[in-house]
Amino acid sequence: MAKTDIGPPDYKQFLPPIIRDNYGKWRYHEIVRPGVLKHVGENGDVLYTVRVASPRLLSTDHIREICDLAETYCDGFLRFTSRHNIEFLLADEHRVAPLIEELQAKNYPVGGTGHSITNMVHTQGWVHCHTPATDASGPVKAIMDELYDHFTHMDLPAHVRISLACCLNMCGAVHCSDIAILGIHRTPPRPDNSRLPNVCELPTTVASCPTGAIRADMKNKTVQVNDEKCMYCGNCYTVCPAMPIADPDNDGISIWVGGKVSNARSAPMFSKLAIPFLPNNPPRWPEVVAAVKNIVEVYAAHARKHERLGEWIERVGWERFFTLTGIAFTDKHIDDFTLATETFRTTTQFKWG
Amino acid sequence: MTDSKTPLLDELEKGPWPSFVKEIKQAAEKKPAAADLLNQLELSYKDRIGHWKHGGIVGVKGYGSGVIGRYSDRPDLFPNVQAFHTMRVNHPTGWFYKTDALRKLCDIWDKHGSGLTNLHGSTGDAILLGTTTEHLQPCFDDLSEAGFDLGGSGSALRTPSACVGPARCEWACIDSLDICYQATMTLQDQIHRPMFPYKFKIKVSACANDCVSAIARSDLAIMGTWKGRIQVDPAEVRAYADAGLDIRGEVCDLCPTKCMEWSEADRTLVIHDGDCNRCMHCLNVMPKALRPGKERGASILVGGKAPIVQGSLLSWVIVPFMKLEPPYTELFDLIARIQDWWDENGRSRERLGELINRLGMRHFLKAVGLPAVPQMVKHPRTNPYVFFWPEEIDKKEVK
Amino acid sequence: MPTIELAGKSYEVDEDGFLQELDKWSEEFAEAYAHVDGIEGPLTEEHWRVINYLRGYYQEFGIAPMVRKVVRETGLDLKRIYELFPSGPGNGACKLAGLAKPTGCV
Amino acid sequence: MTDSKTPLLDELEKGPWPSFVKEIKQAAEKKPAAADLLNQLELSYKDRIGHWKHGGIVGVKGYGSGVIGRYSDRPDLFPNVQAFHTMRVNHPTGWFYKTDALRKLCDIWDKHGSGLTNLHGSTGDAILLGTTTEHLQPCFDDLSEAGFDLGGSGSALRTPSACVGPARCEWACIDSLDICYQATMTLQDQIHRPMFPYKFKIKVSACANDCVSAIARSDLAIMGTWKGRIQVDPAEVRAYADAGLDIRGEVCDLCPTKCMEWSEADRTLVIHDGDCNRCMHCLNVMPKALRPGKERGASILVGGKAPIVQGSLLSWVIVPFMKLEPPYTELFDLIARIQDWWDENGRSRERLGELINRLGMRHFLKAVGLPAVPQMVKHPRTNPYVFFWPEEIDKKEVK
Amino acid sequence: MAKTDIGPPDYKQFLPPIIRDNYGKWRYHEIVRPGVLKHVGENGDVLYTVRVASPRLLSTDHIREICDLAETYCDGFLRFTSRHNIEFLLADEHRVAPLIEELQAKNYPVGGTGHSITNMVHTQGWVHCHTPATDASGPVKAIMDELYDHFTHMDLPAHVRISLACCLNMCGAVHCSDIAILGIHRTPPRPDNSRLPNVCELPTTVASCPTGAIRADMKNKTVQVNDEKCMYCGNCYTVCPAMPIADPDNDGISIWVGGKVSNARSAPMFSKLAIPFLPNNPPRWPEVVAAVKNIVEVYAAHARKHERLGEWIERVGWERFFTLTGIAFTDKHIDDFTLATETFRTTTQFKWG
Amino acid sequence: MPTIELAGKSYEVDEDGFLQELDKWSEEFAEAYAHVDGIEGPLTEEHWRVINYLRGYYQEFGIAPMVRKVVRETGLDLKRIYELFPSGPGNGACKLAGLAKPTGCV
């Protein structure tokens, strides 16, 4: 039998020698061009990093091609980033240009550093999950095709982090992204009373509902959904297979803006609702692509240097954001969940638009 | 039009961004499962709905986690994805690889699975995407042989992750990689054998830039910081100014505490470090001139999570500053006390943050033995609904 | 839905082998089914302690108990439980005990 | 020590601030009730506890409100305050008096009550402090005769109040006094005959300085504001500068939207009015130089209240701008719709703000017929728990 | 029978002629000295207002004395302010000095304008209410004696508004005051099971509890209080007389800071807890007086001009506030009611103290 | 506690005249007590409509109904109710109906 509990391989064996030598002793870095970082050690050592985009969903053969590249240029050392990009690590400055040349020849986008749009964190969608309200990889591909130049050029006021999650579970942790794309259902689950008694725990199902829309029907060992209290989060389906919620005609995508994670300048912020619903329109989700692009361009045109999307909006005000982007404000933008009162405007300080 | 069986997905082979459809097609050349994945996905694109059944609970011997079971709802059409489970492989900390290790993973996956992966999952695992129930155990055996282990799933500790930190970043105030690796190794049992009320995530960022989103995505976030003065190299400051950086506009004016002054006249930068909240902005803009202070450690925060059930939470400061040096005893002791309290009091599917919210921070702090400090709050409470501990009350008999 | 034959009776189970008609559970079912989950030999008193606890709890509260509870109430530590049920308390023990398939957190 | 019967209270006759004890003693010279109030209060000072019984429900004919019943819990010791009810007299709007009216009040109160008053209660009423049940009706008869009426109490509309506004303030953007007075007169029935789920308060401030705390203390706050450009008198701006005002530091830097620029060189002030949020700060500092814009009206906010039960609320913007000219039809219609929805849906002791919070702002807006606008929120929702109206959903049969 | 529903007297008849003439036509004002406002009309008319402190609790005889003054100097016109001060309204500049002279001779404090501490909004306390946890008039008198000079001098960075409420009903609306003094109970109510069934509505009593600490005991038509869930708000006593809560040994005062109402510069803010408990120590509440004075003095020493107490704290940070004032931070300062999570620090941005 | 004599029976009431032993209420009590609250003559059908509605509601829900409900359910507008019970529905009608004294909001 296999050995268990051995843990992952020790990362130290995978560090290139220059990193081992300069571990904890880096002095500064520069971005020498989009996608290329230069880190200088206290002792003067220089490490180059070349960052390329990845679709994240990789075939083994493609990984082998990446390995080939790493072996040719980086003595076999590479890493992936927290946003699924690939980083080639080079101690030798002379190999940087040839690597980039070959990468470009093979259509690997080089970029994603500094004030650019880097890779989209995203999730499984129709490729592997059971609760998605939209696909993940497809919208990502369609959006990044459109925003490609912002990956390869550092032409934005600040970092723009776009993420996608295909349902409210938010595996893409989109809740703190500059722009978040979130799959949503819009119709209540449909309890299957024949299966439910055998496959679901009633108390768990009742407790799963954030708005208390589910009542246990003890006699029939099943549940009833109060459609008026249901906001289609799908959490009941997560715990109870007999409550399917997917609905091709009403599932779709919502767009959220202004979140951030870093503590730089401003504290981390949640993303806020910008567009409540756009239809699922595969294969290229044109409405979603256009909406994201519009937000990016309006931001790029108006924000100041170093100002993240959310920081810009905070400065100019949400009323101005809606005016400038032309996005319609609706009652759906107004919170009605448990902390709603904290979001209501409790001052006469506002702009006309 | 072509006579492709996947006209919709084919559209996604076009355009400059790397195409996941190409990846699936590449794998499909060798693997029927990948081919059926493509076909089923095309159907989803047509139907605008997923075609996977709910859940699935499968695994390898001795573990309660690491595998996500998945079954097609159209096995009639796509028999090769009737079962299509993913295996979560714990990534090497910092996502560093040598190619030989990566190639080994690929070989194992070609042998046992669909030939498709996610590098990486959003918790950080190397995800092997799609195999059958029968292949799980042999695949795990091979992985183990090659030095890999599974990551977390279910009500377990999830695979911890860390920013690149000291390996390649001048701002690392703690050894994020070592801390993450030690936590992963020390807490193996919690990763593989779910025993908590719900999932528990740990992430480590070596500075406040938080390159692994620890504050937003982990129940326990460890974030590097420093005490004392920012190290200023006045010559390099001037060099930035000479190179055209608008230090007042781009640095001082954006400092959230307004504790920096740039004098254009004598070309010096003064930082009132007592007011600095270590946001990192000035260091980010002038990495060559400014460096974190010398006394380094971490802030510990808890409670971060995505929205289900009570709404998203960002993590909360519970320890403003902790020195972190191997073997990190203070840290691991604290984690143990926290998990113990949570495990003892948490309801099923209740994350740590939700439990603290339900029972009250004061109970949490008392149980884990931490003092209340103002750094824990944005501001003190505004409602007058204050509890007093019985021992604080005058016990004289009430008439 | 697959059907499985055990000791002469047939049971409807899902892909993961979880019973789909919970009222069909019997001790014989559990005994006969044990091998499927890699348990060698007949069920021991320790197995039954876990199974009975699970069933009792489920009947009383309508949910499976949390692992910490199982450990505390059966007096068996987690290591031992994995020895008894190699696929663990959720996949292994609940399946034999004829509980609804654990969901939620995967 | 003296042989005073009230040694503790006597301490509070000392010191420069006007002494309420002196007032009670003054009244006690003529009124046994005031004397017993003093004595009972001394006992409270000794016991550190109040000596009034719970509640009391008394009143005058035809009204359900306006009187607060009160009984001593030591009538044995203090028989003259056995019953000691207060009458809430609706103050003249803006708390303006001519002395003859005030003297009339005093005379009536000397005739029927303790001779003690509060000018004014914190809702705004002239409070006549302490009388017996028998005196209520005759006292009311005399008040009515003198042109006074009672204010609100109980689950009624409470006495509305207004800032001094146009009577004495250069910033008044609406006629706070007239609006308040018209509301008081129009809604008499609601004041005197409780018929709501709970109390309802209306306050009117003629500008954002909010001198009657409308935003914090009323269920419905009417606050003056303007559209268009702040009126700037450049000469007076320069005069302030000449007089030593640091316009950049004290005005521009404190402008919350940073929409003001002062040029020291050409001594001019530029205001980017499109960014101004009309906070009033610059006008407050330079009243002689800056005046509100010419198009004037009010923002309407709802929901403000003290903490019981769900926690304090500050009022929420529901109408960013409404022109307000007599007879204020749009305003009174809106108030009627709001009260009607609240009265129909509210639970007992549920304030308007709590009801909106419980049912959701979208239901409130729909019911009262107001459009959703971004000015209603600090920021859009952060949680994804979005409801759609049935009519927004594609009705195609779900498979 | 008396005429009903006549409403209050029409205020217009009480406006002095100069106000009637300049109604809505004032041009600007100046504070010519503490307590004296000069309002100038568009037509050049000048109105003087002399503001004096009042104990609010006034005897009829004292009111008559005030009337005398108003008749002598103001043709009988006067008003009261929203904070219970008295304002004498004079069209004639020459009468201002004599009025002030007489006021001072009679010990009326003149002041409360501009960057001063004006009168304290407050409530009934032991004088007239049934739920107080402290007295109202007594602490006000003791505090204002101590802060007297800040009433008569405009020597603070900005307005400081102090309010007092004797119980959590907060009739003083202290929830948005620069400094709030709030009476609190600290022991749970003691249901009187014999009286309760006849004098209380059970559902109302149960619903009154913000923390769900009350359970109805249907059989005995009474209620049970879960002491661990009770935070002594007293709301159950408000609706149910048979649940007394006052407790001389444990009732007392809490201090709150940093609230404001105006929209000037910053939006309105709630007051936040500074000191969870100080004992009721009549007749002069020395602990409370010292605590308030300390906060005022620390604020006066550190805040910038125009900076309200809460604005100052927001700028320097709460950790600094606690350090500078020497007030102890405790677990009671950390919210645990429904919106608690909104107050937790979700950033590593903080100061060491 | 004061005691009050009505039609030969004695009742405990509080200072405001509210019955302190709710089960002692009877129609005779209401009739006899009416004058105390300024009602002239015997109770009319309209009075009883209000009283009966109040009592029924109180018995069913344990609370007094809100005024809007009383108006709607009795078909008597507020003005009429104040004519019937000069001290209003809370002080007057509830007192005669033998309900607990309304509290809460005063």
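By written order: A, B, C, D, E and F. Residues from 1 in each chain.
Going forward, a contact is a pair of C-beta atoms (placed from the backbone, for glycine too) under 8 Å apart; a residue touches a chain by one contact, two chains touch by 3 or more.
Worth saying up front: this structure is predicted, and the values here are computed from it rather than measured.
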Contacts common to chain A and chain D (chain labels): B, E
Chain F reached from chain A - shortest hop count over touching chains: 2
Between the pairs B-E and A-B, the one where more C-beta pairs touch: A-B
Shared interface numbering between chain E and chain A [over half = same, under half = different]: same
Chain separated most widely from chain E, comparing mean CA positions: C
Averaged-CA centre spacing for the pair chain F and chain E, given as whole angstrom: 38
Euclidean distance of C-alpha centroids - chain C vs chain D, Å: 65
Chain C residues counted as touching two or more neighbouring chains: 18, 63, 101, 103-104
Multi-chain contact residues (two or more partners), chain E: 168, 170, 175, 204, 208, 210, 233, 238-239, 241, 247, 249, 263, 268, 270, 337-339, 341-342, 346-349
Touching two or more other chains - residues of chain B: 53-55, 61-63, 68, 189, 208, 215, 256, 278-279, 307, 311-312, 314, 348-349, 382-385
Pairs of chains found to touch, sorted by chain label: A-B, A-C, A-D, A-E, B-C, B-D, B-E, D-E, D-F, E-F
Parts of chain B lying in touch with chain D, wherever the complex brings them together: 307, 311-312, 382-385
Chain D to chain A touching residues, read off their complex: 208, 215, 223, 225, 227, 256-257, 274-279, 299, 301, 303, 313-317, 320-321, 353, 357, 360-362, 365-366, 372-388, 392-394, 396, 398
Residue ranges of chain B in contact with chain A within the complex: 8-9, 11-12, 14-24, 26-27, 30, 34, 37, 41, 44-45, 47-55, 60-63, 68, 70, 84, 86, 89-103, 105-107, 109-110, 115-120, 122, 124, 129-130, 137, 140-141, 143-145, 147-149, 161, 163-164, 166-170, 172, 175, 177, 181, 184-185, 188-189, 192, 208-213, 215-217, 250, 254-256, 278-281, 284-285, 287-288, 306-312, 314, 347-349
Sites on chain C touched by chain A in the complex: 14, 18-22, 61-64, 100-101, 103-104
Chain C-touching residues of chain B, taken from the complex the two chains share: 53-59, 61-64, 68-69, 71, 83, 153-155, 189, 193-199, 343-344, 348-349
